[in-house]
Amino acid sequence: MNVLEQQLAHLVDECRPYTAQGKVADYIPELAHVQDDLLGVAICLPDGSYIHAGDVHHKFTIQSVSKALTLCYVLMEFGEDYVFSKVGMEPTGDAFNSIAKLEETVPSKPLNPMINAGALAVTSMILGDTAELKIYQFRQFLATLLDVPVEEVTYNEKVARSEYETTDLNRALLYFMRHHGIVEGDVDEIIDVYTKQCAIEIDCFDLARIGRILSGNGEDPVTGEELIPRRVVRIVKAIMTTCGMYDASGEFAVRVGLPGKSGVSGAILATGKHELGLSDVGFGIFGPALDSKGNSIAGMKLLELLVERYTSR
Amino acid sequence: MNVLEQQLAHLVDECRPYTAQGKVADYIPELAHVQDDLLGVAICLPDGSYIHAGDVHHKFTIQSVSKALTLCYVLMEFGEDYVFSKVGMEPTGDAFNSIAKLEETVPSKPLNPMINAGALAVTSMILGDTAELKIYQFRQFLATLLDVPVEEVTYNEKVARSEYETTDLNRALLYFMRHHGIVEGDVDEIIDVYTKQCAIEIDCFDLARIGRILSGNGEDPVTGEELIPRRVVRIVKAIMTTCGMYDASGEFAVRVGLPGKSGVSGAILATGKHELGLSDVGFGIFGPALDSKGNSIAGMKLLELLVERYTSR
Amino acid sequence: MNVLEQQLAHLVDECRPYTAQGKVADYIPELAHVQDDLLGVAICLPDGSYIHAGDVHHKFTIQSVSKALTLCYVLMEFGEDYVFSKVGMEPTGDAFNSIAKLEETVPSKPLNPMINAGALAVTSMILGDTAELKIYQFRQFLATLLDVPVEEVTYNEKVARSEYETTDLNRALLYFMRHHGIVEGDVDEIIDVYTKQCAIEIDCFDLARIGRILSGNGEDPVTGEELIPRRVVRIVKAIMTTCGMYDASGEFAVRVGLPGKSGVSGAILATGKHELGLSDVGFGIFGPALDSKGNSIAGMKLLELLVERYTSR
Amino acid sequence: MNVLEQQLAHLVDECRPYTAQGKVADYIPELAHVQDDLLGVAICLPDGSYIHAGDVHHKFTIQSVSKALTLCYVLMEFGEDYVFSKVGMEPTGDAFNSIAKLEETVPSKPLNPMINAGALAVTSMILGDTAELKIYQFRQFLATLLDVPVEEVTYNEKVARSEYETTDLNRALLYFMRHHGIVEGDVDEIIDVYTKQCAIEIDCFDLARIGRILSGNGEDPVTGEELIPRRVVRIVKAIMTTCGMYDASGEFAVRVGLPGKSGVSGAILATGKHELGLSDVGFGIFGPALDSKGNSIAGMKLLELLVERYTSR
């Protein structure tokens, strides 16, 4: 264990007590069963190697972190003009699952792709004759990013099914948007793709690698191959900066200042910035106890302290 | 033709030109095909006989007028405590199809049964193993009111189907309410019942007879039999008064002052009040050209002039 | 004491315990000092005589009941076209002091004259070089209705001053409406007139007499003189019916069914309808303990029982 | 003229035609008189020297750019705990002058200091017995930043007065917030300070220097003296990033990606980021023709092209 890794381990020890102030998401039974004091962090260094500390060997579902990645995917597939004709790029002060703002906005375009309405609109763009083919596209995209065979990118069927059956609010958003011409197609199929996409299982190393790709302008840190075009990386990082942490995005910008995206499984993906000492790196965090905004309570603290202590900002 | 009927015929002639300022509803193709200068009125007199003028021999779909009648039905079946635990009795300044207010209200109870959310919640209460059995209950209730065999209360399948396929906004409302525990059951089935209920075909005489029953405290004007309990009549008339004409309900109360309910087919059901000379009567109007609020433009004018000239108010 | 008066006294005894479930308004210190179990009712009979029961000899400030009366006044002075160009006639599901709806509505016209924004717009129409001259106009109008010299229509200076100093929300509404061209003139002066108008002191007999005038189409019950034009009476009663009881107006229409207006002092003005046995009468109630909507809790119950037991509805 | 300055001059020539698509702010007569095709830019380099192009020798009022600077000032004076107890740090999807969100939020705290409600709350914190003394504090702070005597930091009295007289919407916001305990004190005095603060006259060089101070962690680029603490700089830049460009902040983050703040005079303050080739610099732009969101239309384009062509992102 090198010095950096020792420091990271200390940081995890220091932050783990914060898990006691949070709460594991319980709206999906499968999520509620997780041990609530887990905390793990992996950092993907410029050369693609990792340092890590804490509970990094757990798998967890990607949940809303997928919003940033489907956005990447559709921007690459369909171009920004098309994508932003269906979804905006402005942050919102409303809750991530709010429908009222859609009604007040003319046209009824979701404000950004990080709220549920926007992410559903993005997911509805994925092509394919069936839900399975659509989710396969996205799994393939993830497999490329993670440099693994597509078979290794799998989703948790129980979590997906559980969410599929209880996600009436997302159905309401989709029917509302279909009424207003923002989405097309079969709502249940979009929900099927969406819940499977959210149920894809990853770990801290996966998140850290993706964060590293984003901090490196879209290039594979080992091979240098372009996995995501520079322009798309820039758009996605900008939107993660302004909208990535639900309605704590502004506070995250102030306290941490990195482009990031969180999920209710306790996942956080974050990506370094040049102006920090730890630039050109990627962060993957797992800490399932959430704060009241739905972000990993200990994970947020860990990032805050890490930036405060080990960067030049 | 007696004097009253002559006066009514003059009134129809005077009001028919207003149809040119209105527009036939076109969101359902079946509704859009109607001749737009039609105007007919029937008045059911205290003894159950009718006077009429204009185009009273057209059949049309009942549309939102059904909201007042399903409310009658569920109040009779389930009692006011249960019904008002799921839907409020307050008028709203928002549009009849608004979803934003549901989000802002805690609990997410529709404000009243005359807006779509409320009417859908009411429809969801109707019991029956299938949509057909549920709509049969309501047809039977109507048949009793109209004193006809249930087979004569039929719905227009093309209109029902057309609305079923395009009613995404109502689906959004239902999923939103199901998420919040206001409705239960299969959303598509509720939509099926709802669109069939709205597609039931009636004429001006039918509406006038129902208006007469309401003005007569729920009794059959001919036999004196109680068809609707007095208490239910009172509740439904009060809610028609404050909420019956979409967001022109307040203006209707000022200009006409009768409990009424309108539908986008151009139907208006209105019921007399003791304080008017024309008390103890019921009104049935058909005038498919609508004003911007969705009410029959010539029908509203006809009621306004009728109350202005022939009552003591 | 005649039979009617005995029945009324029993009703007051029956309803007084409900005061224990309510709360005296405390946002103005002067209002908070009132004894909270008071309950009084006066009924002005068709001939202008009164029956009464309970605590009818207390004076209290008129508060929001004035909204119905300034509406009468401006309709008589400026005509309905002008008045309704500045304020609507539609009920609202929002709180009486809400500002959000003004922002969402285009143009920013208050929905009706019974919410604060609408009442302030109405008050701003009163002419006069100074606040004193304006409030004098309104006192003179009230003096005519009550058949007393204008000197006897006085306002409570401490209540007016207390409200003037704390009524920031009303100032916000006025500045917002002035920005949108709904009101003109000096905001502090309008607030001055408004708070004095709300602080005018009356008693149950005064309210009952005004209720009697409204039930009698605007005529003085004793002399038959027209005090308010029939058309204005009709408009005001319609608006009281749909909007008179804050956001319990719909429930009041269901449970009581009379045009009424309440104030946070615990005042209720109500007016009979022909279809009730107690038609052609006026009601004045005082019961300062309020329910959560701001209406006299025992007063509402009293009206409900009175209509339930002594009318034919 | 060096190479960089030549490139900048070309850029101004390229962007000036965009002014034809914009519109000079006309809600204040004084602003409306400005020539609408002006465009100027100054860049303050790491060593504190400047390059510039276009119409940089015009003075203009600072308007909403002051929101970022009063935030600096109050953070330095009162600390972040106090400041953020009164105003949030979350971006909003609502308009900069919206009042509805304040009503919906509990407590009624403005979402961030870059919308009017938040900026007014910030201004209300400035201490001083009179409006003149308060505005003097802020002028002194600006004088320190600009390294000039306080007498040289002056405000345009006609603009201030003109805005003072027409700013009813801001008065509405202040009375609303005073009602909810977010601000205290005399509303007219706060408006007086606020309108004078917005009317302070600056030029492109001033803005560029301030941008340079912010990009340099708060240090004077020439002397290295700390003018603003590093922590305050970080907070203010984060909030400029998420909220600085009205409801085009998200789009600005995507297209430009620099912390910036705009004003309706056509002013833009922006500050470099390490990850751009043009890091450690500050930008000052003046282009009074505005887009529909209230930002300098040619100024935004200029920044977009500048970042696109001359940085490594």
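Per-chain numbering from 1; labels A, B, C and D assigned in written order.
By definition in this document, a residue touches a chain if its C-beta (ideal position, glycine included) is under 8 Å from a C-beta of that chain, and two chains touch if they have at least 3 such contacts.
Here the structure is a predicted model, which means the values were calculated and not measured.
Within the contact network of the assembly, the step distance from subunit B to subunit C comes to 1.
Chain pair with the larger contact count among A-B and A-D is A-D, by C-beta pairs in contact. Centroid to centroid, with C-alpha atoms defining each point, subunit A and subunit C lie 56 Å apart. Centre-to-centre separation of subunit A and subunit B, using mean CA positions: 48 Å.
Separation between the centroids of subunit A and subunit D, computed from CA atoms only, is 32 Å.
Shared interface positions of subunit A, i.e. residues touching 2 or more other chains, are given as 104. Under the stated contact rule, the graph of chain-to-chain touches is a ring, a single cycle where every chain has exactly two partners.
Per the touch definition, subunit B reaches subunit C in the complex via residues 88-94, 101, 105, 111-112, 230, 234-235, 238-239, 241-243, 247-251, 253-254, 257, 273-275, 279, 313. Those residues of subunit C that touch subunit D in the complex are listed here as 98-100, 103-104, 168-169, 171-176, 178-179, 187.
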